[in-house]
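What follows is a structure written as structure tokens; I'll ask about it next.
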Amino acid sequence: MRYKVPKKYQDEIELLKKEVYEANLKLVDYKLVIHTWGNVSGITRDRKFMVIKPSGVSYDKLSYHDMVITDLENNIYDSKYKPSVDAPTHTLLYKANPDMKGIVHTHSKHAVAFAQAGKDIPCFGTTHADNFYGSVPCARALTPAEIDSEYEHNTGLVILETFKNRNLDFKATPATLVKEHGPFAWSFKSPLDAVNMALTLETVAEMAINTLIVSNSDSHQAQDALITRHYLRKHGKNATYGQEKH
Amino acid sequence: MRYKVPKKYQDEIELLKKEVYEANLKLVDYKLVIHTWGNVSGITRDRKFMVIKPSGVSYDKLSYHDMVITDLENNIYDSKYKPSVDAPTHTLLYKANPDMKGIVHTHSKHAVAFAQAGKDIPCFGTTHADNFYGSVPCARALTPAEIDSEYEHNTGLVILETFKNRNLDFKATPATLVKEHGPFAWSFKSPLDAVNMALTLETVAEMAINTLIVSNSDSHQAQDALITRHYLRKHGKNATYGQEKH
Amino acid sequence: MRYKVPKKYQDEIELLKKEVYEANLKLVDYKLVIHTWGNVSGITRDRKFMVIKPSGVSYDKLSYHDMVITDLENNIYDSKYKPSVDAPTHTLLYKANPDMKGIVHTHSKHAVAFAQAGKDIPCFGTTHADNFYGSVPCARALTPAEIDSEYEHNTGLVILETFKNRNLDFKATPATLVKEHGPFAWSFKSPLDAVNMALTLETVAEMAINTLIVSNSDSHQAQDALITRHYLRKHGKNATYGQEKH
Amino acid sequence: MRYKVPKKYQDEIELLKKEVYEANLKLVDYKLVIHTWGNVSGITRDRKFMVIKPSGVSYDKLSYHDMVITDLENNIYDSKYKPSVDAPTHTLLYKANPDMKGIVHTHSKHAVAFAQAGKDIPCFGTTHADNFYGSVPCARALTPAEIDSEYEHNTGLVILETFKNRNLDFKATPATLVKEHGPFAWSFKSPLDAVNMALTLETVAEMAINTLIVSNSDSHQAQDALITRHYLRKHGKNATYGQEKH
């Protein structure tokens, strides 16, 4: 049985569906997902209704009409499709954060690596610090009991637990990893801004992996004669590279 | 001497050639192969005929007419070209799996790395577990005697041996690696679905390599003063980054 | 309060704005930045005025009219927007180098990794030596006191300190890293040439990370029988791969 | 003073210039070079004249008329530009290999890494063995004396020395690395085929780096409960992912 959206919401939800649809397509443009992976949601101003990508429909067949409407208790309204299986994680985060405007879940390749390794993404520098105030936390793995009952709801609960236990602010840390799973990111502005944050997270994670390689390696140099020869072959008054300047 | 396809198969095979051709082109779109590398096959409903990419013809010169028809004993039918050298591996997998609908072999860069290292792709998280029930196995290396006689047929045999010895289900584990060689993937739906699985495999392999780097590295953090300065330069009431909001 | 550009500079600055704008767009083409990250500047012939990207405006909304004009004391002239927050680093470098013509700051993914690891990019070979005469230095981290007062100006000061202490020539070493932050590059020809140098730097940094992986790894080989079989399957008089030559 | 090409060569050289020009452009398409880096050459049938890319001219400004003609003693004929600085390496390889038809030098990012680490690219598997019969050798570094006199000629000499000392066949091993420098590849068919070999080499080098990471890492697995939950969430009769099949 599916519920009906009250008439007064229809204009707002029509716009929200377009916004959520466009934000979902950005996941593909940004190469944060392949196939049908990933999902973005948005929420109505009074927080009665969430709009989210349908489950398992490929991006190239998606239209904005296919976006699914639920309430925050995960009841489905007036929708052709079932919502993303991750919808209960989204609704829990919206309920815990009355100003949150968009949520995104991806399987982006470098952020997932930290989740799979069960490690925070450390704040290695300013690219990270411009966007996240400290490490991006990796929430603990779910227990077998949590996995076997209301898995997606419990995924939301471990995120809330992590932010509470580590005294983190959802605004200053607008993303998290779930261990053995992957990243969630969000925004207090819009669904599209949440997707931009997911791209930032992926970029910061990629830089962090590069940083780990550099930090954990021993190094050497090429020989001086070669360095000098090559530099002077292209530069200085006896350069042989390139054409004479006319 | 080449055999003739009975007339009653011609419509089905014409469609299958188009389907197999389109699936082969996806290998290039997905960047799973370069040059003439890789091959995709499909099979007729009654499993009498396999259609596969010709050997050594480059993708930009390929038309669907060039697809090669064989039976499961590797006899060639009505074809301008020789089939992929890997055809005997495909036919053996089809014979062992009466519901299998498509097979693909690639040299994708991250899956090949696990094959060359002779290691399974471990199930590090949900991206993997959504698609493969446990590790993607790496079949043992062929012996010199196996390499020197019916090499491609023996490649199929070591895959079958691996799935039997490790009690794996071809449906729940729709891909394998062959040691010192590379990945094979398959589908019980269609040749195109097999190619999608090969992309999934490559993505999971890339994430696994990133995970190995993170898991095997020691880490550190940037200094607190910098983190705070950069975060507050962009956020909060004294932010200096960006333009005033109007 | 914003200052007015004297009339005699207007033609030169109009051209410089176009040049700086085009150079900024190249940052996106070259994949050296995402979102609003990064900035490029140029300078008038008499070094009275700098033109630089505005702060926090996304590249796809930018027009050349939006470029910001400042003097080398960081006063803003006739501009709709605030300049990049990094402008005081640029002006300090221009003042210290009376021939410098363009400066660029990026968050490119491999150069940032060396900055975040706090290491120079070693000169591993000729690709590097063709462009940089020796290591690309990583300037020391700023102290908390330097971070808390005139941070961007102090960033320029640690760059100058590094070049002075290590006796480096800004022409022979046209880029630097700032620890826990990222790269700056410059040119004595033009803003566009500075961006080309930033791409060179990123490429050299990526090669250096690959080099570290190879240098720090133990290796092995595939078995001889396989190597011989595969090589001869494609080459020599008994090759089975590909089609007969007609 | 520049020499004149005898009239009887003009048709052949006109065609060769087009062929060499097209092959050079492929370096950019294949992302094997940036800026003006890299060079491809070809040779006339009687091996009197080599055609090669000019030095330091950017690819987007290049026309086929700009290709430079030399003989195998490095004399320049009828050309607007100077040849690539690496021309003496090319001519030496052509002289030592009377059937060689094209040579290419790139700074591709993964092949360069092995050169900078001073290591052969090991034959890790069939992707490599299909193309190179054994390791791709890394020639020794040049001595300071070799660097300081006829550097590019001496680069060719150390390649010849490597192939002689290690008893390698230029046909079975159609590429080499020069230590602290980068890769050269060649073909006994055409300049374009040499570029295809340079792409193969780069791909094999990238796979080898991925293989080194996997071989040198310790591993783990995600927990069983999660693997089972996620696999069954998408597959089997109680799957919740995706839409009901109609």
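So that you can tell them apart, the chains are marked A, B, C and D in the order they are listed, and the count of residues begins at 1 in each.
Going forward, a residue touches a chain if its C-beta (ideal position, glycine included) is under 8 Å from a C-beta of that chain, and two chains touch if they have at least 3 such contacts.
Everything numeric here is computed off the predicted structure, so don't read it as measured data.
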* Which of these pairs, A-D, B-C or B-D, matches A-B in more than half of the residue pairs in contact? -> B-D
* For copies subunit A and subunit C, work out whether under half or over half of the interface numbers are shared, and give different or same accordingly. => different
* Distance-maximising chain from subunit A - centres being C-alpha averages -> D
* Could you tell me the distance, in whole angstrom, between the mean C-alpha positions of subunit A and subunit C? => 27
* **Length of the line joining the C-alpha centres of subunit A and subunit D, rounded to whole Å** => 38
* Could you list the positions in subunit C whose residues touch two or more of the other chains? => 116, 124-126, 180-181, 213, 215-216, 222, 226, 229, 233, 241
* Category of the chain touch graph - line, ring, star, complete, other -> complete
* To do: Spell out the residues on subunit D that touch subunit C in their complex, using ranges where they run on.
  => 34-35, 37, 107, 109-110, 112-117, 119, 122-126, 128-135, 172, 180-182, 209, 212-213, 215-216
* Structure fact -> Within the complex, subunit A is touched by subunit B residues 124-127, 196, 199-200, 203, 206-208, 210-211, 213-215, 217-222, 226-231, 233-235, 241
* Asked: Considering the complex alone, what residue numbers of subunit B touch subunit C?
  -> 36, 54-57, 81-82, 85, 116, 141-144, 147-148, 151, 180-181, 222-226, 229, 233, 240-244
